[in-house]
Amino acid sequence: MARVVVDVMLKPEILDPQGQAVQRALPRLGFEGIADVRQGKRFELEVEGPVDEAALARIHEMAETFLANTVIEDFTVRVDEPAGAGS
Amino acid sequence: MARVVVDVMLKPEILDPQGQAVQRALPRLGFEGIADVRQGKRFELEVEGPVDEAALARIHEMAETFLANTVIEDFTVRVDEPAGAGS
Amino acid sequence: MTLDTVKHAEQTPEAEQPWAELGLKQDEYERIREILGRRPTGAELAMYSVMWSEHCSYKSSKVHLKQFGEKAPENDAMLVGIGENAGVVDVGQGYAVTFKVESHNHPSYIEPYQGAATGVGGIVRDILAMGARPVAVMDPLRFGAADHPDTKRVLPGVVAGIGGYGNCLGLPNIGGEAVFDPCYQGNPLVNALCVGVMKHEDIHLAKASGAGNKVILYGARTGGDGIGGVSVLASETFTDKGPTKRPAVQVGDPFQEKLLIECTLEIFKEKLVTGIQDLGGAGLSCATSELASAGSGGMRVELDTVPLRDATLSPEEILMSESQERMCAIVEPRHVDRFMEICEKWDVIATVIGEVTDGERLEIFWHGEQIVDVPPGTVAHEGPTYHRPYARPDWQDALQADDAGRLPRPRTAEELRDQVLTLVAHPNQAAKSWITDQYDRFVQGNTVLAQPEDSGMVRIDEETNLGVAVATDGNGRYAKLDPYTGAQLALAEAYRNVAASGAQPLAVSDCLNFGSPEDPAVMWQFAEATRGLADACQTLGTPVTGGNVSLYNQTGDTAIHPTPVVAVLGVIDDITRRTPIAFADEGHLVYLLGDTREELGGSAWSQAVHEHLGGLPPKVDLERERLLAEILISASRDGMIDAAHDLSDGGLIQALVESCLRGGKGARVVVPDGLDPFVFLFSESAGRALVAVPRSEELRFTDMCGARGLPATRIGVVDGETVEVQGQFALSLAELREAHEGTIPALLS
Amino acid sequence: MTSRIGVVTFPGTLDDRDTQRVVRLAGAEAVPLWHRDKDLKQVDAVVLPGGFSYGDYLRAGAISRFSPVMETVIEQARAGMPVLGICNGFQVLTETHLLPGAMLRNDGLHFICRDQKLRVENADTAWTTDYTAGQEISVPLKNIDGRYVADERTLDMLEAEGRVAFRYLDGNPNGSLRDIAGITNEAGNIVGLMPHPEHAAEPLIGTGRTDGLGFFTSILKKLVNA
């Protein structure tokens, strides 16, 4: 089964209180040099069948109408590389 | 400024009701063929200065001690490709 | 890129300006030019256009709202009246209470979660700005049909938004309303109320006085929120460069607001401010012009000093931004350091952005150049006033003639029983715990009563047990049938609710939700409703202390039902004497107070069983309401009753079922002689309540009612596991509970 | 000498003043502690109250856990000082790993506010001696991140050592594993739970019950007898 990842982030002009709270905490924890933090959502979808153009188009539509609230959020859709760059 | 992305997902054995709620809603919205959905967090960090080994090591530590709670979550750290695969 | 400075405006009198795109009318634009003796700069145009908008200037409603002041009853309790951020009422023992209800209807339709959340945020800052600690919130809501797909988008989002924001602030949600009707499809109503408490000496006003005093902006950084409109201006003025996308939606940060509350209260405690104003609609334009015009008039602001979230904002946009969680304070220079220390303690960003001057102009500078030079009063208060035409719609007669009394009635006991179940299970009468369980009602540890009680009640003094109670009500169906009476019924019901829980009603706030004022029929509804409310407030002796108007709630030509939402605040000397709605004790006697007539127009029965709206709403008798309230309050104070529940939509049977389910006890009632069982159960005659009287108190209670002339009819007894109407039917509590509590979860999950 | 019980305020803490009130009702002195202060002002015990510290951003309790006051609390708690974490305080305690496991979003995904029945499973902790093991009590539950999770091994250990201090009764409200509402550390001085005993301490207020007062009278007795 293939994995498709949908990343949903607040639009740049929209306030991201979570990201801000995280960023403000970093110096206190001894992590300097992070100019900005934005926090969003990551959806991992396990897709049955082939992930072809048509499947991606459907997932795109799903992201647009459901996974993201396009009033305030942007999203990207991509097929996951088989093995991630490990933690 | 370079962007580093930290993805945080619940460990596979931990129940993810948010992902499940999304998955259950999909057929009702007319989207079939998604076998599983997991929902996690995506952090976009704007890093000042070069993103070298040392910087990545620090971000890795930040993820391990702060951005993720490793009792329940796994994470990955990666440098963002300059231009995303567009929505 | 040329900055449109005052000098530039003087030199280019003929420059084209996008006043129409900003919503101004030709004559309004001319008026601005007349006031200034030149064309406005872009920044000035931005300020006037937003402050003279319907939302901020009340240009269509002002002439009608005046009555609230003109007809205001003498009331010694009123400390601050209409015109400030919120009214303030004396509740004794040196305490003052402030409360207000506001709308956030349109934003909540576009983005339910954030729209509702920022609605709560806005009203809380209004209360805070008066000097009070916010102690509770309430949320009167209206949605489209319960089974409409869009309701499944709007309702959960709105509820999560109100909860997400209010819970995080630590404000108990002690009540509200959730009503469904197809007329609100596309125009949900999200009204939010906040109550705050302070000592008399802590009352603060929005006033900038004392030349040399500093203007401090504190709270969140300013971003491009809610300035969709002005981007026109930015693009006109700076054709080549400049930001493109500006969010119309504001995102709230309740954590920031919680810090703002604690920080501000600490600042108040040390008496560091001479004037204060929250930033809400119209942002800095509103705060600076209102503060300046309420004070001596002069203020100078360096706009570059405003901390920004988005460095690309133009000065016009900064002036109009509706970024949330900000406040503006006027501080004497000697207090500035301490003010900043407190802000630092709470991680709140604070910046001196200007000072009060001894002039009479509001002057705003950008990179050293003057971009605004106006008499602040002309921005804040001298907006246009319209006498919009109004006319009783031609369909009103036909609607009133379509009497609900002619609808088919249940013919058998079996049908009567079925219709009782239909009624209590209808979304409008069903239990709302699916909603209210998402709100924290316990936080602050002072909640005496909360939903589903008749009113929300909080203790305000631990030593003396002094408390306040608030109820909000509004019935758009009644108001549609007769807006004058409908508004009075809303007041009467809220008043009755407060009294039923044992508190003395003191003052009123209201949120008037209507369609387009440009429609003479809607304007007539508005005129009638305000007149009705003002008259009734005068009779009941409860002044309107403030409120809000929301117009243009309509889709195409179809307006919502006129929906005046009325909040009544009451005081109770000793919260241990509060009266709950629960029938909890076997053997206690059930009395019906007041008169039951055949009144079914606009009733819940006519909606639940026949989907009908027509006829006349119930009659209002304000003297009777006042008497009923007196009896309810005395009876609670003297321990003569141990439960009371007001009768409103759904009539007697609805109230009986609610009291029984709440107490977990059944009741046996008999239909009084001369009353038709159907009318007895379903009529919605006003001025009534059910009470539970311990047998030992019966004589004392009936004597009191008799002596004061209030009809009190013994209709039954608290008993058993069923609600039984003798000779008609019996319904088990389990069956009633399933019907009453199952509806909303089934619709929404 | 009256016992001194510290109540910590983080930015976004909500139930600090309520907790102080109940500490006083129980007969102890309530000492406010500020998150930026390492100094615990010689208190005999500490309560981490409920609320949304740092807005619950990132994870509930995740940011507060790194505050200066927590450095001292962690150190003292390890040395045996009684610490009670209520709701957000419990979340902070799991984030610090003073208590095992973690708190996640309720399985129903909503905020839940209701009167919740619990069984006191362990009446020997510093905060529960005024209850009896097996006693059923009702106290308000109000949170959105109340689902307790830990791996099987940890859960088995907690059960075996009697460290499940409270369990939900009459239905699991949030999907907490093994119906766990609260736990304790090995020594019994550190207790964390999601429901709010401080909101069940006065007749007529809140639910009108006083089932939660026992937490505060328990600790008081312990301190007085110490």
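A, B, C and D label the chains in the order they appear, each numbered from 1.
In this section, a residue touches a chain if its C-beta (ideal position, glycine included) is under 8 Å from a C-beta of that chain, and two chains touch if they have at least 3 such contacts.
None of the values given here were measured: they were computed from a predicted structure.
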{"item": "Contact-graph distance - origin subunit A, target subunit C", "value": "1"}
{"item": "Distance from the mean Cα position of subunit D to that of subunit C, given in whole angstrom", "value": "36"}
{"item": "Rounded Å distance, subunit A centre to subunit B centre (Cα mean)", "value": "7"}
{"item": "Approximate Å spacing (C-alpha centroids) for the pair subunit B, subunit D", "value": "31"}
{"item": "Contacts with two or more other chains, residues of subunit B listed in rising order", "value": "66-67"}
{"item": "Residues of subunit C touching at least two other chains", "value": "253, 255-256, 347"}
{"item": "Shared interface positions of subunit D, touching two or more other chains", "value": "54-55, 57-58, 66"}
{"item": "Chain-level touch network, classified as line, ring, star, complete or other", "value": "other"}
{"item": "Each pair of chains that touches, named by its two labels", "value": "A-B, A-C, A-D, B-D, C-D"}
{"item": "For the subunit C and subunit D complex, residues of the former touching the latter", "value": "160, 163-164, 167-170, 253-256, 258-259, 346-347, 436-448, 459, 462, 575-576, 578"}
{"item": "Residues of subunit A touching subunit C in the complex", "value": "10-11, 13-17, 20-21, 24, 69, 71-72"}
{"item": "Interface residues, subunit D side, partner subunit C - complex", "value": "11-12, 14-15, 17-18, 21-22, 50-52, 54-57, 110-114, 140, 142, 144, 196, 198-199, 201-202, 204-207"}
{"item": "Touching residues (chain side subunit A, partner subunit B) in the complex", "value": "1, 7-9, 19, 22, 25-26, 29, 31, 33-49, 55, 58, 60, 62-63, 65-67, 74-78, 84-87"}
{"item": "Subunit A-touching residues of subunit C, taken from the complex the two chains share", "value": "110-111, 114, 220, 223-225, 245-247, 249-251, 253, 255-256, 309-310, 323-324, 347"}
